[in-house]
C-alpha cells in the first residue's frame, strides 16, 4: 500500500467514500420509509404497531449498529462533501463573466453542496422533533385500547398499572420502562402547518439531491456502463421521485386527516 | 454555399496583457461579418481592424482550423467552443449568431490553465499528465511482434479508438464546475485499458495519471456530465466509469 | 559542391540491409554524451525524437505549438500505406515501391523509395505495439482500405483520423522519454536559425514565443522535421502556423533546397467562401470511392446553378458531365490527385464551375448513385420486397453515414448544406509539398550534421505523392531510418564534449536574428502581415498553381520580388519583441515565404516539362495530359542559396532508374 497516503488525499478516493456513504443512506431511506408508511394505518392497531416499531428501532442491537453506521455515514458524507466542495472551488479561482452551465448539466448536479446543507439542516430539525423528544423529552405514553392501562416496551398491557418517571409501576413494583407514544408525537407535530411545509421542503431538497446523487454514486465506483448505465439512470430517477414523495405525503396526510 | 449575408455584432473579449496583469472584458463593435466565416475568421477580421487602428490584436490559440489539433479554445457566450455540440471553435460558423448579437469571449478558466495572454492559456498541465503514464513502454526496435499476432475484439478496438479521439483541447475542464480533468485522463486510461498492449502497465498508469491531474490543480469529478456534452469529440462518460473501476482495482492491489 | 546522394552499392533489395550493417555505431555509454536537437514534433520529428532518446542520446525537441500533440500530422485523415499483404491481394515491398515511383511520375530516387517500402511493415507493427487503435474487422485483425492510383488494399486506417492516432502514438513515445528526462521539450519555441561551427550544424537560435526571449541551444547534430511549405499559397489545407522558416533558415545556411515547385493540389477540398477565408478544409480522398464528380453539360445550367436558380438535383442525368469517368474510363473517379485536380480546373476554366464565388471554382461530388446502390443492396440483404424509393434512399443513406458520417457532418458544419440531399461542392486546394530540403540517403542535408526528415525533405515522393504515403514516410524517417544513419555521423563526436553556446558563431547568429526581428517590429508600416501573405498567395495560386506557363512564371517572379520589397517597406508589426507577439511570429514566417515563393517560381520556370504536381501548359499531350521530358529532366533540382533567391545556383542530381522502366503514366 505504497499509495496509502495518496488514498486518503486522492480526489477519487474521496468520491468513493461519498458514493459508499451516499448509497448506504439510500438503503437506509428505504428502511426508514417502510417504517413511516405504518403511519398510514389507522386506529389502535396502527398506533400500537407504529409504537412497537419505534421500540424495536431503539432497542434492537443490530438496528443500533446500523443506526451508528447511519450517523457515521451522514457525518462523513457531510464532512467529505465539504472538503470536496472546497477543492472544487480551489480548482477555479477565477470564474467566468458569462456562463450558461444549464446547457450542459442539470441544476442539482452543480448544487449538491447547497442541497446537502439544506438536508443537513433538515436532519437536525427532524432529529430534534422526534428522536430527541422520544429519547429524552417529555412524551405521552401508549395506553391500552380502552385508555386505562399502560404498556411495557414489549407490548404487554399492564392492567391496573401506572406510570412513574417513565416506568410502569404496579403495586409499588417497577416493571420497567413504559412504551412511549411516538405516534401521538408525530400526529401532534404535524398539526403545525409550518412544520409540514418544512418537511415537504426537506423532501424536495432530498429529491433533487438524489436525482443526481443516486446515479453519481454508481458512476464514482465505475458501475455505470454499458446497458446497465441507462438502467441505473432510470432507477435513480424513479427512486429520487418516489421515495421523497412518499416521505412527504405522510406529514401532509396527517395534517389533512387528523 | 448557402445564401450568405453579413451581420454586425458586439464582442466582449477578455483582454489581459500577460500572466501577471489583471485582465478585463473589453467591448468591440464589428461590422460586416460574413455568416460563412468561421468564428476564428471573425476574430481575424477584428484583429485586422485593431492592427489598422494601431491597437494591439487579440491573442488566441489556433492552428489546424479543421477541428483536430485541439489548439483552439474559447468560452463563447457561456459555453466552451460556443453554442452547439460536437464542434470546436474553429468549426463554429458565424451563421450561429444573430445580427446585433452581443458575444462574450473568455479564456478557459482553471487553476491548472493559467492565462498567458488575452484568450490564450497554458495547458502544459495536460502534457504532464501524459508524461505520468500516457504511453506503452515499447522501444522502437523494428521487430516487435507482427501487428496481426494479437487479434483484438472489434468492439474493444472501436471503443479504444473512440476514447483515443480526444484532441486535448481542455473543453471538459472549461465546462466542469470543478475544472476537473477527469474526462481527459479517463480517455487516455481507457484507450490503453481496452487494448492488450496497455495491460502490463495499467495499474501504475491509472494511479499515476490520476495523481498527477490532482497535483496540477484540477478539481474532483462531480459526475455532472458537462464534460461529455461539451466535448467536441463526444468522448463518453463511460470512460470515467472505466477509469474509476481501474483506479479502485489498482489501489486495492497495489 | 557536387551532390553525393551516398546511395549504397549492391542490388536494390539489399542496399538498406547492407548499409545498416556497414555504417558506424555509437556505443551506449557514448550516446549519453551526445546531444541532438530535433525541430518539429510531427510524425517525423516526434518519432525521431522518441527513438533517438530511447537509443540513449540527449534530445532537445522544439515545437512552435503549445504541445507536440498539435503538430499538423494530426490532421491527416485517410490512412497509412504498408506492404503487409494482409489481404492476400498480391501486395509486396516491390509493388509498394513500384506504385510510389510511378505515382511520383518517375522523379524520385529508387533506393530511398525501396527502403521506404521495406520499413513500411515495421511501422504498423510498431504502432500497434504502442497501442494505436487501428480499424479492425470482426475477427479482430487489422482492416485495410484502398486509395487512389493503386490496385491493392494496403492502407491501414483509424476512421478518418489516422494521422491523429499515429501522431498521438509518437507523442506517447515522446512522453515516455520526457518523463525519463531523455527528451527536454521546448514547447512554444520557434527555431530562427541554424548555427554552424567549423562548417557543421552545432545548434540553433530559437525564440521563446511566450517571453519573446532569443535563446541559444547547442547540440552535436540538428534534425529538422518541420513540415512542408504549402502555406506559401496562404490558403491551403496546412495549419495556420505551418511554415517554411526552419527549412528556409537551413537553406540560407547552406542546405540545398530541392524541387520546390513540386506541390500537391488535393482535388477534394471545400471551395473558398469569401475574402475572409483563412484556410481550406480537406474532404478525404476516400470519398472518391463512392462519390461521382460532375459539372453541368450546358453552360446555361452552370450559370443557373451559380445564381441559385437551378438546383443540382433537378439537372437531368443526360445533362451532367461526369468528366473523370468520361476521360479516364478505367480509373474513373479514382485517378491520382494531380490528374483529378487538373481536370476540375479545366472544366471550371471553361465556365462550368458551380460555386457562386469570385472565381466560380467548384464541381459536384455526388453521392446519390451510391445511396441508391447501397440502398438496393441493403433492401436485398434485409429481404425487403419491392422497397419504395424512399425506403431505398433511407437505407442507402445509413450505409453512407456509417462510412463517411464524420466527413459529412464536417461538410455541413462548414457549408450549411446537407450532402445527403444535395451534392457536395468541392475544388482542389494546396495540400502537400513534395519538394523540400535536399538530403542524401542518410537524410543528411548538404550541411554536415544537419538532417531533414518527413515532409520538409524532398526525398521519396518525386513529383506527386500517393494518398496515405505521407504518414508512412514521416514515421519511416523518424522511427527506422534517421536513428540508424545519424550514428554514422555522430561516431566522430564521441570525444567532442558539450558544445559551448558562448562562441562567436552563436553570438553572431543570435545578433542577426535579433536584428531581423527588431527591423520588423520597428518598421512602422501601414499594412498587416496578412495583407502581404494573402497577396503572395494570390500570385502563387494564379501563376504558380495547378497550371503554369513561362509568361506567368516570369511575372510571378517579378511580382513576388516587388511584393517582398513592399513588405519590408510597409509592413506593420504591433507589439514588442520581448513578449508574446503572434503578429511578429507571422511576420517572420511570411518574410521567408516571400523568398521561397520566388525560388519556387524559378524552379517551375526552369523545369520545362510537366510531371506529377508540376504542370506546364506548354508541355501537354493533345488530350491535355502531362508531358514528361525524360531525356532532359530526369534529375533533382537542388538549389544553393547565394544571397538572393534570384541568384540561387542550380545543382542537378541525376536520377538513375535501374529497376523500373520509365513509362508515361496512364490511368485511362
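Some points to look at:
When the chains are written out, they are named A, B and C in that same order, and each has its own residue count from 1.
Simple rule for what comes next: a residue touches a chain if its C-beta (ideal position, glycine included) is under 8 Å from a C-beta of that chain, and two chains touch if they have at least 3 such contacts.
Treat the numbers as computed from the prediction; the structure is a model and nothing was measured.
Among the remaining chains, C is positioned farthest from chain A, on the basis of C-alpha centroids. Of all chain pairs, the one joined by the greatest number of contacting C-beta pairs is B-C. The geometric centre of chain A is 66 Å away from that of chain C, both derived from CA atoms. Per-chain CA centroids place chain A at a distance of 41 Å from chain B.
Between chain B and chain C the centroid-to-centroid distance comes to 26 Å (mean Cα coordinates, whole Å).
Contact residues on chain A toward chain B in their complex (touch as defined above): 1-3, 6-7, 9-16, 84, 87-88, 90-101, 103-106, 109-110, 112, 212, 215-216, 219-226, 229. Interface residues of chain B, counted against chain C in their complex, comprise 1-4, 18, 34, 36-38, 40-42, 44-45, 48, 51-52, 54-57, 59, 61-71, 86-87, 91, 93, 95, 116-117, 120, 122-124, 126-127, 130-132, 134-140, 142-148, 150-154, 157-158, 160-161, 164-165, 167-168, 191-192, 195, 197-198. Residues 47, 50-51, 54, 65-72, 74-75, 84, 86, 119, 122, 124-142, 158-159, 161, 164-165, 168, 171-173, 175-176, 178-179, 185, 187, 210, 237, 239-241, 271, 273-274, 276-279, 281-282, 308, 355-357, 409-410, 413-417, 425, 479-480, 483, 528, 530, 572, 574-575, 579-580, 582-583 of chain C touch chain B in their complex.
Residues 12, 14, 25, 75, 77-79, 104, 106, 109-112, 175, 177-180, 207, 210-211, 214, 217-226, 229-230, 237-238, 240-248, 251, 254 of chain B touch chain A in their complex.
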